[in-house]
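Take a look at these structures.
In the two complexes that follow, chain A is the common piece, with chain B as its partner first and chain C second.
And now, the complex of A and B:
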């Protein structure tokens, strides 16, 4: 699994590539916590190259959602492939997360800190 | 259950770094038996979640193995996970409320919730060889039709090549032939 951080219009974008499971999700969690600790209020997560995600990966994103909500910020997920979308839809978490199709949609209305 | 296959199995150490190997095994078996991408994904995530529970709650910090036995038939797919860790019956875990999960920050239970959504039956028993978790998923009609067509086509192809004296011997040989295709 690989993690890359980009900035667009001063908004942090975390791009995750590979499988997110019990073994790799702690790395995702640490990266998200580090980004949010750096006064980032909003966070976009690009899941285009995530081929697989289990409940530990989903739980990590839930934790990130709670943190951004507490700060009055936004967490948006985008570019979900069919396998990842299945997990969010079946667990009904697609109603909880702000899921966008494209990066420009995800950036829409997000104000950089 | 109608079936024309021999179960496949794998034994892996009960550690988090075995999970990619388990998923690769399920993907290979799924593709081999022409399961749809959705079916393969449903089984991958359900088995991954079940193995995660065995690693975290069954073996805890102790070492051990998880044995997987896969059976794929025309009507349904069954995966049995056998371990010798502490018994952990996922059926005894209460249904997670996703809204509460998100609002309260409660951890745990999401994996079993996902398993229940993807599977048709989860059976658990403690036996003399260890804990057996049996995961069952009914196959999609499209995939079943595709399998039946494949079975008929392969059987006809095979029958045209070889001549057998009686019907029973044809059936046995056809079953074996399918495993080699």
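And now, the complex of A and C:
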């Protein structure tokens, strides 16, 4: 699994590639915590190149969502492939997360901190 | 179809003492398939399940899980395979001294380096998937039989297994609760594309959830196929099982009389 961080209009974008599973999701968690610790209030997560995500990956994103909500920020997911979208739908978390089709949709209305 | 079997059993033979319990089992189970192992009490079906998950070693034969022969693995090597296996034991096997949430979290705490905050969210997700959202602080003794089975199922799927094994999942449950467990297994199969192996003698469960059935009799697979194929089988034992026909009553008059008057014990 690989993690890359980009900035667009000063908003942090985390791009995850590969499998997010029991063994790799702690890296995702650490990266998200580090980004949010750097006074980032809002975070976008690009899941285009995620081929597999298990419950630990989903739980990690749930924790990140709770953190951003507490800070009055936003966490948005985008570019979910059909398999990843299924994982969210089956846990009924598609109703909880802000899931966007494209990066520009995800950026829409997000204010850079 | 060009898939390789995820589980393959070759010429499996096992003895308990001098009694042959499994007698040359050959079986292939494909990824995503629900295979039910059906048979009368004592026919060897639970023994077969214990061998597939590596809890017992066969007298001879091979068992391949994802291409790896588990009959030659050490206990340590087997651990990494067991991490991708979920097992629902017949009695649920929950730890009665732990709340339900801790029971579900146990494999995650034992086998992963995940933070407890992540584990707690995963535990609640799993309990939600089995219809027990909000029950994490309940003790097993506070749950009904069906709820205990659901909690045990939540623990079995805690590590997102590729393969789920269930030993008599509806044993001891009333028909309504039993069919609820069957539907839950179907839902999990659809949701997670798991390969599921279920040992049972409940025909109603088999009709509902099986892709294929292996009918075991005296340690051998005497029929293998879809429910329809087995229903149409001309094999007498298959017909007896599917039509629920009791064994014919055989009485040896002399030996029965002797047993009643205690003559059998005399030399």
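Just a few scattered comments:
As a working rule, the second predicted complex is superposed on the first by the 113 of 113 C-alpha atoms of A that agree within 3 Å, B and C clash if a C-alpha of one lies under 4 Å from a C-alpha of the other, contacts with A are read in each partner's own complex, and residues count from 1 in each chain.
Quick note on the criterion: a residue touches a chain if its C-beta (ideal position, glycine included) is under 8 Å from a C-beta of that chain, and two chains touch if they have at least 3 such contacts.
Keep in mind the model is a prediction, meaning the values are calculated, not measured.
When the two complexes are overlaid on chain A, chain B and chain C occupy overlapping space and clash. In the superposed model, A:96 lies in contact with chain B only, and not with chain C. In the superposition on chain A, A:19 makes contact with chain B only, while chain C stays out of contact range. After overlaying the two complexes on the shared chain, residue contacts for A:5 are found with neither chain B nor chain C.
Set against each other, chain B and chain C differ in how many residues of chain A they touch, and the higher count belongs to B.
Once the two complexes are overlaid on the shared chain, A:60 sits against chain C while remaining clear of chain B. In the superposed model, A:82 makes contact with chain B only, not with chain C.
In the superposed pair of complexes, A:34 makes contact with neither chain B nor chain C.
Common to the chain B and chain C interfaces on chain A are residues 21-23, 54-56, 58-59, 62-63, 86, 90-92. Chain C makes touch with chain A in their complex at residues 108, 111-115, 117-119, 121-122, 125-126, 128-129, 158-160, 191-192.
Chain A contributes residues 21-23, 25-26, 29, 54-56, 58-60, 62-63, 86, 90-92 to its touches with chain C in the complex. Interface of chain B with chain A (complex): residues 16-17, 19-20, 23, 37-38, 41-42, 44-45, 48-49, 52, 55-56, 98-99, 101-102, 105, 107, 110-111, 113-114, 117-118. By the touch rule above, chain A contacts chain B in their complex via residues 19, 21-23, 52, 54-56, 58-59, 62-63, 65-66, 82-83, 86-87, 90-93, 96.
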